[in-house]
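Labels run A, B, C and D following the written order; every chain starts at residue 1.
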Amino acid sequence: MGVEFIYPEFEVIRNESRCIACRVCERQCANEVHYFCPETGLMMSDESKCVDCQRCVSLCPTRALKIVKSDCSLRENANWKSDTIKEIYKQASSGGVLLSSMGSPKEMPVYWDKLLINASQVTNPSIDPLREPMETKVFLGKKPERIERDEKGRIKCELTPQLELSLPVMFSAMSYGSISYNAHESLARAATASGTYYNTGEGGLHKDFYCYGPHTIVQVASGRFGVHEEYLNAGAAIEIKIGQGAKPGIGGHLPGTKIVGDVSATRMIPEGTDAISPAPHHDIYSIEDLRQLVYSLKEATGYRKPVIVKVAAVHNISAIASGIARSGADIIAIDGFRGGTGAAPTRIRDNVGIPIELALAAVDQRLRDEGIRNNVSLVVGGSIRSASDVVKAVALGADACYIATAALLALGCHLCRTCQTGKCNWGIATQRPDLVKRLNPDIGSERLINLMTAWKHEIKELMGGMGINSIEALRGNRLMLRGVGLTEKELSILGVAHAGE
Amino acid sequence: MKRIYVNEDRCIGCRLCEYNCAFANSGMRDMALALKGKTIYPRIHVEGDDKITFAVSCRHCTDPICMKSCIAGAIYDDNGVIRIDKNKCVGCLTCILVCPYGALAKGENGVMQKCELCLNNSCGEPACVKGCPNRAIVYEERGESL
Amino acid sequence: MRLEGELRIPSGCAIAAVISRVGKRMSGEAVTEAMKPMHDRSNGLGGGFAGYGIYPEYKELYALHMFFDKRDTRKSCEMFLKERFEIVKSELIPTRKMPEIKDEPIIWRYFVAPLKSVVSSLQTDEKEFVARTVMKINSEMNGAFVFSSGKNMGAFKAVGFPEDVGRFYRLEEYEGYSWAAHGRYPTNTPGWWGGAHPFTLLDFSVVHNGEISSYDANRRFIEMFGYKCTLKTDTEVITYIMDYLVRVQGLNLEEAASVIAAPFWSTISAKKDPEEKEKYTYLRTVFPSLLITGPFSIILGFNGGLMALNDRLKLRSMVIGEKDDKVFIASEEAAIRAMEPDAENIWAPSGGEPVIVRVKDGAY
Amino acid sequence: MNEYLIIGNGVAAAAATEGIRSVDKAGTITIVSEEAHPVYCRPLISYYLEKKTDISKMNYRDKDFYERNGCKVFYGKKAVRLDPEKKEVKLCDGTVLPYSKVCIATGSSPFTPDFPGIDTVDKKFGFMTLDDALSLEKAVGKDTRVFIIGAGLIGLKCAEGLRAMTDSITVCDLADRVLSSILDSDCAALMQAHMEKNGIRFLLSDTVERFDKNKAYMKSGRTVDFDVLVTAVGVKANTSLVKDAGGAVNRGIITDEHMRTSLNDVYAAGDCCESRDISSGTSHILAILPNAYMQGFAAGVNMAGGDRIFDNAIPMNSIGFFSLHAMTAGSYDGELIEEKNDRELMKFFVKDGLLKGFIFIGEPSKTGIYTSLIRERIPLDTIDFELLKKGADYMAFSPETRRKKFGGVV
């Protein structure tokens, strides 16, 4: 082995006066950072393997451990930052494409943080959510353009299929394979209990989870893994995945090492084979092809399931969305460039796509300009981090939000961003049975339900402050937002006034 | 009666239960002070291999053979909780010979000890249950045997 | 400072209305009087009235009430109107000079009939044509503003206290079977005549007390259907929503009320009648963006009736009383007593419960 | 109201009391105790000599045991006659106790062969009762030479107990090894060596031909000089009450699995009766404490009208000498499987796909798992016996079994 150019990124700090050498850290670290030295009776660590997932820190019963970022610094400058230099070292040593997990850590504007929410004062009462009903229910799906009446003059109440959400938040696509069985079970159970939906991603639906079908969105992606008639009919809706915010224009690659056992059966591919999702759908080279797929899926499911088309937020997203809205899709899901992933080429993740806030504002306005906003519902994802992000997204025009990273955090994810290794110490992004076990779906679903409950309370609180007691009255209500520190251009795209105006 | 139950599908083999048990029965305030540099004598122990692990502690049997076999009359039934009078125990180990679960073991001073559900120690509720990071050990009422 | 329409101005208000169920016509004096005890609910920055049945002699014609900033504007606007309408009558609206009302624009009215040829060439119906024309003038023609466009009805509004506005417009000289009045308390002071209430489109007029928090959600939705919210007022958007729901979508008033003041989901699910449950669920699902939240009490005037409606939490006061053939609606009971000291059956409708009073058929 | 009578006041009697009271809180219980002590832990008498316990801790049950259970106890009285027709028992002082149900829990007495010259021995003791231990304690000092006849459990426990008091202890036995009833020769040799290391002398395959005061003349020709003689040759079950009343008796009283004797309303429990040993399939006396308790308890329950059977008796012993522990259970019948390392020796006896018995020497841990295999007759092909040979571990059982055992009330 030659010279190691990169000093370990993290340091394991062990308080020897507190360490009782119980070796829990050793047992819990799939990266094999910790080990016991029988000669000295002390715990030792190999920091080069540490990914700062904090599992050992969380389980250390005497709080003897902490992981800190190493202060060993490269000589960086404004142009050549430490990360940039390290990437060069890595590529010079491996010759490969750099891979990353989860959302981009780069400093790009987070518009949510530059939007502020209104509240009622004097002229209009705020509403106390503890005393008054506060409605967060949302229906996703196409709405009819015309009210029709039967021969007796009664309104014909037939609607195209809709998804009913108790709050405008859903768990977005994460495949079984990229995340564990227990993670899926947690999501499925939480979605069911919270009155919302989770999404299979492109890994198919495990037979055990068909029972959660009424709260499941089944995805059809370019690899078509695990797609069959029963699968399509098992869910409440079907999502055609065209793109993903973290890697627009890129397919997926789940290494054969993760295609084991039930994952392989669920995906309907042989064990050990790589699951490669092509970059495009090879039956969709244009918008009219999309329309065909949308209707094929509707045919296959007897027009009983709404069809979602999920795209990454890219430059001409408004035109794309307009096309989708006219394709027969019931719901458009747009994934912003800060969205997470189990694995993506770093360059793509950090450089391709646009922020979801701008995409959402542009799409919502474009669909209204074209008078077709009611033809589709709009779901946005790509780093929705809190209830206030949800409220801002709805005020900008979204019908609902997709969350994934936030859901994973609730399950215990510590954003160490090494999902691609398959050694998730929290039992989430792994298929190793000993690691999968660490996520108890009882606890996982409970924590997700708690998160949804908490967000729902906060959404209600924020709505009440604005004097709004139904989330419908917030959708597209951009007057409830003001920008701070934004340029005229940004404000005009977002369609909001600057604070003080 | 509430008892401790384990679910091996949830047990992650971290062995925190053993340490929490030893700490709870140490009577000390700080785990590091209580256990640092010492061999621990927990009343619960984790068994298993690299795939399956589970914690074993006294089942508090409804028909406790250890109690019936104790030659010193040191094991008694305290409203369903099977306990040991450590003063009376002479260390004959008959209880080890008869317990079908292997739930009893010698403590630090050679006297037998077993899980007494943390009823009389500083923990007040089973420390293994409270400290289990994955809810693999629970303390609850379960009706008849499954 | 920017004018109303360039920015949104929330305001609190007083409203009052009276209707004769048998179509007996009454002068505008009583409803003007009704605004006096509610003086403090206005601040002199807007008052207005809508009278129904006031132009029986022109009942087949659209009465366009307009403000012009100057004579030239009126002239050019008339040119535009002539391209689309037969103007049967064109005149100044009579007013009374009084110190309380200042800076009046040119206030004109036209009784018009749409040119059939133009309507058919646009492949639209007459009402839609009139509405679009109004929308076009108000959004595109600087200095010209149509503030009333229905048949056999008219709105009268100005900057000032409502009781003064009533005298200014000589309402005692008009007779109608129903009247609605409005006094305004805007929380900003550009004071523009067009911003006063009632707001009207075709024969819908709306007087409204409140500030709706759903405004932008409602506006951005309704604007998809050709409406232009030039005034950025709640009243304007409510008027358009009612027009859209009733005229365009063909809902009846009760149904329209159940869209804008939709019952809570819990109320819907508790409904016993499955057909009703289905209908309300349907309407709420189809028109979520037309749900109006925040406090409001509105009186919607239309040919042959009035509808009073509170927001579903009833965050604004509104009471109703009766006497003989008359029904009175007002923000305060005092206003009802001013119109009819012996009013009976005074009651406050609950939130979201529409109260619709119709003149009996053929009586208007 | 039932009148329960229990003859005997040992562990089986206490268990019978608890068994009765688990069903019937009202009936009267009368206990006839030959010894003048409340029920105590007889196996602890050697620990008493070792000072590992004291009289106060040797009570088997707390001091209000009899009161709490409403028992009337006749201390220092021997029952002399059982009349199952009249349903009464006559005591040595002529008292007649009527009963509705009686439990015979008379235990066993030491059996002392009639050695020639035994009468010339001044200080001779048995080692069965607390009184024996108390007498021995008085009789033995630092320089006392103790001679113990019998290298069985009692003899050796006595030797261990006295070792702290004297340096000179000799044990003889007719058998060729120590603990011949529970250990095979390998294990016995291990144990013997360990005891010898701890200062006990053995004369095996040898017995006393005659005594002459403080000298024993052995069959081998050797002589042993001693100050104190302890005879621990064996015990015999106290069966006469039942036998004289015409009940079925073999070496011990015969009972069914409800602990009923052949006489109406007469039950028996403890060392005085035989058990069916499920590891060997034979009936014999299993004079061990767990057995006494379980028989007594079952007898009590059934006397009070409950229904409880005791049908899985096996011999089992946990016995340690000078910190070396031996655990044995079952019968040594079948294929021998031996596992040993430098610290432990384990012998399994397997027959018909079942574990029949085992001998373990070393530091025991979770040994009860093996015992349960014998008692519960668990077919070895349903578990991972290979794993169990390496050490007692529940991993050897099926997940289903574990789910039942650890996820339910047992």
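Everything below uses one rule, namely that a residue touches a chain if its C-beta (ideal position, glycine included) is under 8 Å from a C-beta of that chain, and two chains touch if they have at least 3 such contacts.
Source: prediction; values computed, not measured.
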item	value
Distance-to-centre winner among chains (Cα means, whole assembly as reference)	A
Which of A-C and A-B has more C-beta contact pairs	A-C
Interchain centroid distance [CA atoms averaged], chain A/chain B, Å	43
Separation of chain A from chain C, taking each centre as the mean of its C-alpha atoms, in whole Å	47
Centroid distance [mean C-alpha coordinates] between chain C and chain B, Å	78
Between chain A and chain D, centroid-to-centroid distance (C-alpha), Å	69
Junction residues of chain A, two or more chains touched	none
Chain-level touch network, classified as line, ring, star, complete or other	line
Chain-to-chain touches, reported pairwise for every pair that qualifies	A-B, A-C, B-D
Complex contacts: residues of chain B adjacent to chain D	3, 5-8, 47-49, 52, 54, 56, 59, 61-62, 65, 68-69, 71-73, 87-88, 90-102, 105, 142-146
Contact footprint of chain A on chain B as seen in their complex	9-16, 19-20, 23, 30-32, 35-37, 50-51, 131, 133-136
Chain B partner contacts - residues on chain D that touch it in the complex	15, 41, 43-44, 47, 52-53, 57-61, 289-290, 293-294, 297, 316-320, 325, 327, 329, 364-369, 371-372, 375-376, 392-395, 399, 402-410
Chain B partner contacts - residues on chain A that touch it in the complex	17-20, 22-24, 27-28, 41, 58-59, 61-62, 64, 433-434, 437-440, 442-443
Complex contacts: residues of chain C adjacent to chain A	7-8, 10-12, 187, 210-211, 213-218, 220-221, 223-225, 249-251, 255, 262, 264-266, 275, 278-279, 281-289, 291-295, 312-313, 315
